[in-house]
Amino acid sequence: MNDNFTLPELMLRPIVEAALREDIRSGDITTRAVVPPDTQGRAQMTMRESGVVCGLAVAQMAFWQLAGEGCERTELLRRDGEQIEAGAVVMEISGSAEIILTAERVALNFAQRLSGIATLTRSFVEAVEGTNARITDTRKTTPGLRLLEKYAVRCGGGVNHRFALDDMILIKDNHIALCGGIAAALERAKRNARHSVKIEIECDTLEQVEEAASAGADIILLDNMQPETLREAVQIIKGRAVSEASGGVNLETVRGIAQSGVDVISVGALTHSARALDIGLDVELS
Amino acid sequence: MNDNFTLPELMLRPIVEAALREDIRSGDITTRAVVPPDTQGRAQMTMRESGVVCGLAVAQMAFWQLAGEGCERTELLRRDGEQIEAGAVVMEISGSAEIILTAERVALNFAQRLSGIATLTRSFVEAVEGTNARITDTRKTTPGLRLLEKYAVRCGGGVNHRFALDDMILIKDNHIALCGGIAAALERAKRNARHSVKIEIECDTLEQVEEAASAGADIILLDNMQPETLREAVQIIKGRAVSEASGGVNLETVRGIAQSGVDVISVGALTHSARALDIGLDVELS
Amino acid sequence: MNDNFTLPELMLRPIVEAALREDIRSGDITTRAVVPPDTQGRAQMTMRESGVVCGLAVAQMAFWQLAGEGCERTELLRRDGEQIEAGAVVMEISGSAEIILTAERVALNFAQRLSGIATLTRSFVEAVEGTNARITDTRKTTPGLRLLEKYAVRCGGGVNHRFALDDMILIKDNHIALCGGIAAALERAKRNARHSVKIEIECDTLEQVEEAASAGADIILLDNMQPETLREAVQIIKGRAVSEASGGVNLETVRGIAQSGVDVISVGALTHSARALDIGLDVELS
Amino acid sequence: MNDNFTLPELMLRPIVEAALREDIRSGDITTRAVVPPDTQGRAQMTMRESGVVCGLAVAQMAFWQLAGEGCERTELLRRDGEQIEAGAVVMEISGSAEIILTAERVALNFAQRLSGIATLTRSFVEAVEGTNARITDTRKTTPGLRLLEKYAVRCGGGVNHRFALDDMILIKDNHIALCGGIAAALERAKRNARHSVKIEIECDTLEQVEEAASAGADIILLDNMQPETLREAVQIIKGRAVSEASGGVNLETVRGIAQSGVDVISVGALTHSARALDIGLDVELS
Amino acid sequence: MNDNFTLPELMLRPIVEAALREDIRSGDITTRAVVPPDTQGRAQMTMRESGVVCGLAVAQMAFWQLAGEGCERTELLRRDGEQIEAGAVVMEISGSAEIILTAERVALNFAQRLSGIATLTRSFVEAVEGTNARITDTRKTTPGLRLLEKYAVRCGGGVNHRFALDDMILIKDNHIALCGGIAAALERAKRNARHSVKIEIECDTLEQVEEAASAGADIILLDNMQPETLREAVQIIKGRAVSEASGGVNLETVRGIAQSGVDVISVGALTHSARALDIGLDVELS
Amino acid sequence: MNDNFTLPELMLRPIVEAALREDIRSGDITTRAVVPPDTQGRAQMTMRESGVVCGLAVAQMAFWQLAGEGCERTELLRRDGEQIEAGAVVMEISGSAEIILTAERVALNFAQRLSGIATLTRSFVEAVEGTNARITDTRKTTPGLRLLEKYAVRCGGGVNHRFALDDMILIKDNHIALCGGIAAALERAKRNARHSVKIEIECDTLEQVEEAASAGADIILLDNMQPETLREAVQIIKGRAVSEASGGVNLETVRGIAQSGVDVISVGALTHSARALDIGLDVELS
C-alpha cells in the first residue's frame, strides 16, 4: 500500500459521527416502521461506473459507528486508490438490516464524493504522464472536509499543497498589493518567518519571476501564464526555486502546461468541482 | 424577498466558525509576516462568471466572526437568489487588512460552492418552465453542509425534499426487498407512522404504481422510468398521490420528464455534482 | 418487540455522557474515600412502585460508559414498555463497586423520569381504549431530552407529534393573527411548503374548521373545544382531514374527548408534568 | 434582589443554545411559509396560573440568541422568585415576528418548568414556616439541567444540597453496606477526605445516629424516620452535627417533620416531580 | 493501591483526545513519509531522571485512542505515585510503529508534566515529615488541566484544596475589602451558604484570626505569616477551626512553617511552577 | 507593535471559555454569598516581580466573556512582550465586583503562565545576543495550550518551531532506527513529501551530518553536541542547510552553543519548565 494513503481515524471519527447525526436526527422512521425488528441483511457496495475508489474506510466507519465499533461485519474488497471497473463490488456488509439501511446514505455520500475527487485527480495525473510535473490541490476545499478531500487527492495520485494558513507562507497578489511589491514582501517574509516553513510568492510577469528568484523565494507561483511564458519562466528560475503553475488549468490545457517544464501544477477544480462517482448499495435478506 | 430565503444564523454560526478554524489553525502566517500591522483595506467580492449568487450572508459571517461581530464593515450589494452578470460586485468589505485576507478563502469557498448549486438548480428550473413540475433535491448532500446546500437549492428556485431520515417515510427498493413487497410495506408504514408525516414509496413498474396508489401512498417515487412510462404512471395515479420522478435526470432529459406530467423531479446532481462558480476577492489599501 | 421502541445509540451516547459529567465532575469523592479499592459488587434495579418501565437501555449505558463499553456486566430482565409490578427487579449489574456507585444516580435519574412519562402516557392510552383516538405528545418537552421523552411516550403506547419546527407545518393562533386568517395562512403555506410535509392548522371555532377543511389542511387542530363541539367539528371535517384535539386534556376529560370521534388527542402534560416513578438500586458485595 | 438569584450567563448560554438547536433544526418552516417577511410583532409572556415565576432571564436569552444578542427588545416586568398572580404579564418582547415565533416554545419550556419547580419549592418552604427547618433539593434533577433546576429551588426559597459527586462526602446505605458499618465508613472518610469538604452519613436507626455523631460526622442524614423518631434523633445529636431528614416527605408530612427540630429537609420531588406552570405567549402585529 | 489515585476515565478521555488533535492535526507526515507501512515496533518509556512517576494511564490512553482502544499492547510496569530511579522503564508499548511514533509526544508531554508536579509535591511532603501539616494545592493550575494536576498532587502525597469556585466558600482579601470586614463577611456567608459547604476566610493579622475563630469560620487561612506568628495564630485558634498557612512557602521555608503547628500548608508552586521531569521513549523494530 | 504578536481571537475564545467553565462550574458561591449585589469595583493587575508580560489580551477576554463582550471596562496599560518592572500596573478593570472576582483566578492563571514563558524566553534570547543564533521552542508544550505558549515564546523574542506533526518533516532518532539510516530516510522523505514542507533530520555524529547535508536536508538537527563539535558540524554543513542545536541547553550553556555558529537553538524548557511570574489583582470599591 502506498504509505500516503492513511487517514488518522481519530480525525475521521467526529466527521463521520457528525454526518450520521445530520442525517439520522431522531431516528430512521422508515426503517423502523417497515422493516421487521431483528431482520438480518447482507449488502454490497457496488461501483455503478468505473473510477478510482476512495473513502472505503470512511464508509465503513459509518456502519461501525452506528453499530458500535466492530459489531457490524464489513469487508473491504478493494483499496482506496485503486482504479475499479463498473459493476465491481468494493465492500460487503452484513448484520442488522436496520443499521445497514440507516447508515447507507452517509456511507455513500462520503464514498461518492471522495471517489469523484480521486477519479478527477487521476485524470489530471494521467494527462501529464511522462512530464516532470506533479498535480497538486489548493485550499478551495469543502468547508469541514479538507482533511478527507486532500486524502482523496493523494489517492488519485496527486500531492497536497498546504493544509491551512499556518503551514507555509504563500504571498499572493492581494498581499503584494498591500505591502509594496515582490521584493519588499519577500524581504519582510524572510525576516519574520520561522525557519521551518517555505516561502512561496505569486508572479504575474517574467520580470516578477526574476525578482522573486533573486530575492530567494523557495517556490514561485506562475499565475495564469500561457505554456510558452511558463517555459520562459522556468528558464529564468533555473532551479533556484520550485516552479508552480496555476490558473486556467483543465484537462485540455494541463499537458501543454506540464510540457513547459514546471514542477507543480495546482488545480482548484480537483476539490471544488469534481462530480460524484456513482456508487450504490444493494441489500438483501441474509 | 422570497420568504424561503432565510437561514437561521444560530445554525450557520458553528459551521462558519468550524470552517475558519480548519483554515486558520494557529494563524495566517503569511499576512502576519508581510502585511504591516494596522493596515486598513477595502475589498470587493466579484463574480468572475455569471450565475445565481448564493451564500453572501455566509461569506459575510466569515468576516464578522473573525473581527468580532459588527466590527468589520460589510455591505451586501446583491441578494442570494439573484441572477448576476459576470464582473458584477456582490459584496464590499472594508476594515483591517489582516481580517480581510485571513477570512478571504473561507468566505469564497462558501460563496463559490453555494452559488454553484443555486446556478445549477436554476438551469433545471428553467428547463422545465411552463410545465407543472417542480425541481427538488435529495439527501445526496455534502456531509456537514446539508442545511446550506438545501438553502442554495431554494435560492435557485428548487424546493427541498426531506432533510433527514426522520421527517418523512420514504420506502425505497432496499426496504421493499426486506419486508415483502409494496402493499406489505405500506400497510406496516401506515400502522406505525405518526400522523404528522407523509409516506412515499418507490416504484419501478406500473403494476407497483397501481398497487402503491391503491394502498394509499401520499407520494409515489417513479424510479428510472422513461417519459412515456412516466406519463402512464401519472394517469394511473390520477391525483390519488403526488408523483415524483427520479433517476437519469440531467439537463438534456429533464424537460421530457417534466412533460410527462409528474409533480416533482428530484435531482441528486444539484448537490453532489455542481461545480463551483468562479467568484473572486480584490483587496486594496484604503 | 414493538419496532417503535428503538433509540439510536449514536444519539443517546452524548446525552448520557453529558449527564455523567454533570454529576461526577472531578470524581465521586465519597466512593473513593470509603469503599476499598477493587471491591466488587452486585446491584439490582428495583421498581419501588408499579408502572411502565422505560429507559433501561439508557440506564445501562450509564454503567457502560463509566466502565468502558462492555466491561460492566448488566442484564436487562424486563423491556422498555412493559407494565411492571412494584418490587420487581428490572436490571442487574455486577462488577466494580466504584463504577456501580458512581453511575447509580444518573442511571436512576433517566429511568425514573422516562418511566414516569411512559406510565402517565399509558394511563391516557388506557383511558381512551375502545375509541378511535390516539394519544400524542407535543413539543413541551424538557430542553435537551426531547428524543428520550418522545421515546418514552411511544413506550407508553402513545404516538409522537412533530419533533421540531422543521418536520411539519403547524399554523397556530399566533401565526394566524400575523397573516390574516385561516384561508390566507393555508394558501401561503401550500404555496411555500415542500411537498413532503403535512400542513396542520389550529381552529377555535366551527366556522374556522369548515374554512380549514375547504382550504385543504391535512390536519385540523381543534383547540380547547368541549366534547360536543368536537363532535360537530368531526362531522364538519367528514374525513377531509385528520382531526386533533388539544387543550384541557386530563385523565378526567380525555375519554369524553375521545368519544367525540377525533383521531388524535395531544397532551402536553405527558412530558411537561409527569412525576418520576420511584425506582431504586440496591448494592451488595459480590 | 436576593443575592442567591444569579445564574452565570456563561453556563446558561450553551444550554439555551442547545435547546434552540433541538427545536429549530433546519428552520421554522411554518413561520417561514406563512408569516410575511419583515413582519414586526409584539409579544407578552403571561402567567396563565399563579405561582413563583422563574427562568425569565433564560427565556429572554432564547430570544436574544436567535436575534443576535441585544437585537430583540425584551423587557422583564417581574423578577425571578416573585409570587405572581394569574393573568399577569411577566415579560414583553418586540421585534421580528419570525424571531419571536421561532423562539417561543423554547422560551416557554424553560420558564414553565423552572417556575413549576420554584412554585413547588415555595409550597414546601411555606409549609414549614415558623420552624427551624430549611428545605433543600437533591441530585434527582433532570440530566443536563441541574444548574437551572437548583437555581429554581433557590428562587422558591429553598437551599441547595450538593451539586455533584465531588463537592461533599455523603455516605449512603449502599456505601455503608460495602465498607462495614457507620464507624468504619466515617473513619475511612475522615482519613481520606480533603480538609475542605464536609462529611455526611445516612442513618436508619437511632443507634446509628449516636454512632455517627460520636464518630464526628458533620451532617447526619435521617432516612425515612417518623417525626417522633426524628425528634429523638435530634436530641441524640444535640448540636454535634447538622441534622437532615429525608424520605417520605410531601406537603402533608413536611410540617410534622419540620416540627421534630431537624435543621434541613431534603425533597427529591422538588426537581423530579414538579409539574410545569402554565405560562403563555401572545403575539400581535406591531 | 492508594484509593485516592484514581482518575475517572470519562473525564480523562476528552482531554487526551484534544491533545492528540492539537498535535496531529492532518497527520504525522514524517512517519507517513519515512516509516514503511505496517512496520511493527516496540517502545520503552524510560525515566531519564529519578522522581515520582505520574500520568502513566494518561500516556497509555494516548496510544490507545490512536489505535482504537485495546488494539495497542501497553504494559504499565510501575504505578502512579511510585518513586522511580533514573533509567527505569515505566511502560512498554508494542504494535504499529506509526501509532507509537504519532502518539509519542502527547504521551510524554502528559507524563513529564504530571510527574514533575508529583515529584515537587513529594519534596514538600517529605520536607514536613514528622509534623502535623499536610501539603495542599491551590486553584493556580494550568487552564484545562486542573483535574489532572490535582491528581498529580495526590500522587505526590498532597491533598487537594477546592476544585472550583463552587465547592467551598473561601473569603479572600478582595472579598473582605468589598463587604466590610471579617465578621461582616462571615455573617453574610453563614446566612447565605448552603449547609453542605465549609467556610474559610483569609486573615492577615492575629486580631483577624481571633475575629474569624469567634465568628465560626471552619478554616482560617493564615496569609504570609512568619512561623512565630503562625504559632501564635494556632494557639489563638485552639482547635476551633482548621488552620491553613499560605504565602512565601518554598522548600527552604516549609518545614519551619509546618513546625508552627498549622494543619495545612497550601503551595501554588506545586502546579504553577513545577518543572517537567525528563522521561523519554525509545522505539525499535519488533 | 511587532507584527508577530497577534493571536487569532477566534482560536483564543474557546480556550478562555473552557478555563472559565472549569473554574466557575455552577457559580462563584463565595462572591454570591458575601458581596452585596450590584457592588461596583475597580481592580488593578499588578506585576509582583519584574519580567516580560504576556497574555494581557487573554486575561482581558476572561473578564469580557463573563460580562458579555464589551460590558466590562478594561484598559491595557502595557503590551504583551514588554519588559515590566515589579510593582507596575499592567491592566485596569472596572465594573461589577462579582464579575471581577469571579474571573480573577482564570485571568491571572493565563497571565502568570504566559508571562513566565515569555520571561524565560527573553533570558535565553539575551544570553545569545550578538551571535547569529535564534532561540526556538519545541512541541513540548502543555496539552491544550500550544497556541498560547508558542505566542508567549514569540513575545519573549523567540521564534516558533513547528506547530504540529503535519507542518514539516522532522526525522528523529526513532524514525531513523526504523527505516535504515539517514540517507534512506531522506530519500524516502523527499520522494513522499509534498513540495511545500521543509525536511529536517536529527544527527548525532559528524558523519551523519555530512550524510544529511549531501542528501539534501533543509535543516539539520544537531543533537546533544558539545560547542566544539557543533562548530565542526557548522563547517561541514557550510550553508547547505540550516543548522539547529538541541539538547543540554540551559542558561549556562546556551551562549557557548550559540557561539559555535548554529542558526537555531531549540529549548524545550521554554514551555515545559518555565515557572509562573507573580502577578496579582487588587480590587476596591468604586
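Just so it is clear, A, B, C, D, E and F label the chains in written order, and each chain counts residues from 1 on its own.
Quick note on the criterion: a residue touches a chain if its C-beta (ideal position, glycine included) is under 8 Å from a C-beta of that chain, and two chains touch if they have at least 3 such contacts.
Values in this document were obtained by computation on a predicted structure and should not be read as measured data.
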>> Given that subunit D and subunit F are copies of one sequence and touch, is their interface built from the same residue numbers on both sides (over half shared) or different ones?
In response: different
> Which of these, E-F, D-E or B-D, makes the same contacts as B-F in over half of the contact pairs?
Replying inline: B-D
>> Please tell me the distance, in whole Å, between the geometric centres of subunit A and subunit D computed from their C-alpha atoms.
In response: 51
>> Using Cα averages as centroids, what's the distance between subunit C and subunit E in whole Å?
In response: 44
>> On a C-alpha centroid basis, what's the spacing between subunit B and subunit C, in Å?
In response: 33
> Which residues of subunit D are in contact with two or more other chains?
Replying inline: 3-4, 24-28, 32-33, 35-36, 102, 146, 163, 166-168, 192, 194, 197
> Between which chains does touch occur?
Replying inline: A-B, A-C, A-E, A-F, B-C, B-D, B-F, C-D, C-E, D-E, D-F, E-F
> Touching subunit A in the complex: which residues of subunit E?
Replying inline: 17, 20-21, 24-28, 32-33, 35-38, 65-66, 68, 98, 102
>> For the complex, give me every residue of subunit D touching subunit E.
In response: 3-4, 134, 136, 159-163, 166-168, 192, 194-198, 200, 219, 242, 244, 263-264
> Which residues, counting only subunit A, touch subunit B once they are in their complex?
Replying inline: 15-16, 18-19, 22-36, 39, 41, 97, 101-102, 104-106, 108-110, 112-113, 116, 139-146, 163-172, 174-175, 177-179, 185, 188-189, 191-194, 197, 268-269, 272-273, 275-276, 281-285
> In the complex formed with subunit E, which residues of subunit A make contact?
Replying inline: 1, 3-4, 6-11, 69, 146-147, 150, 163
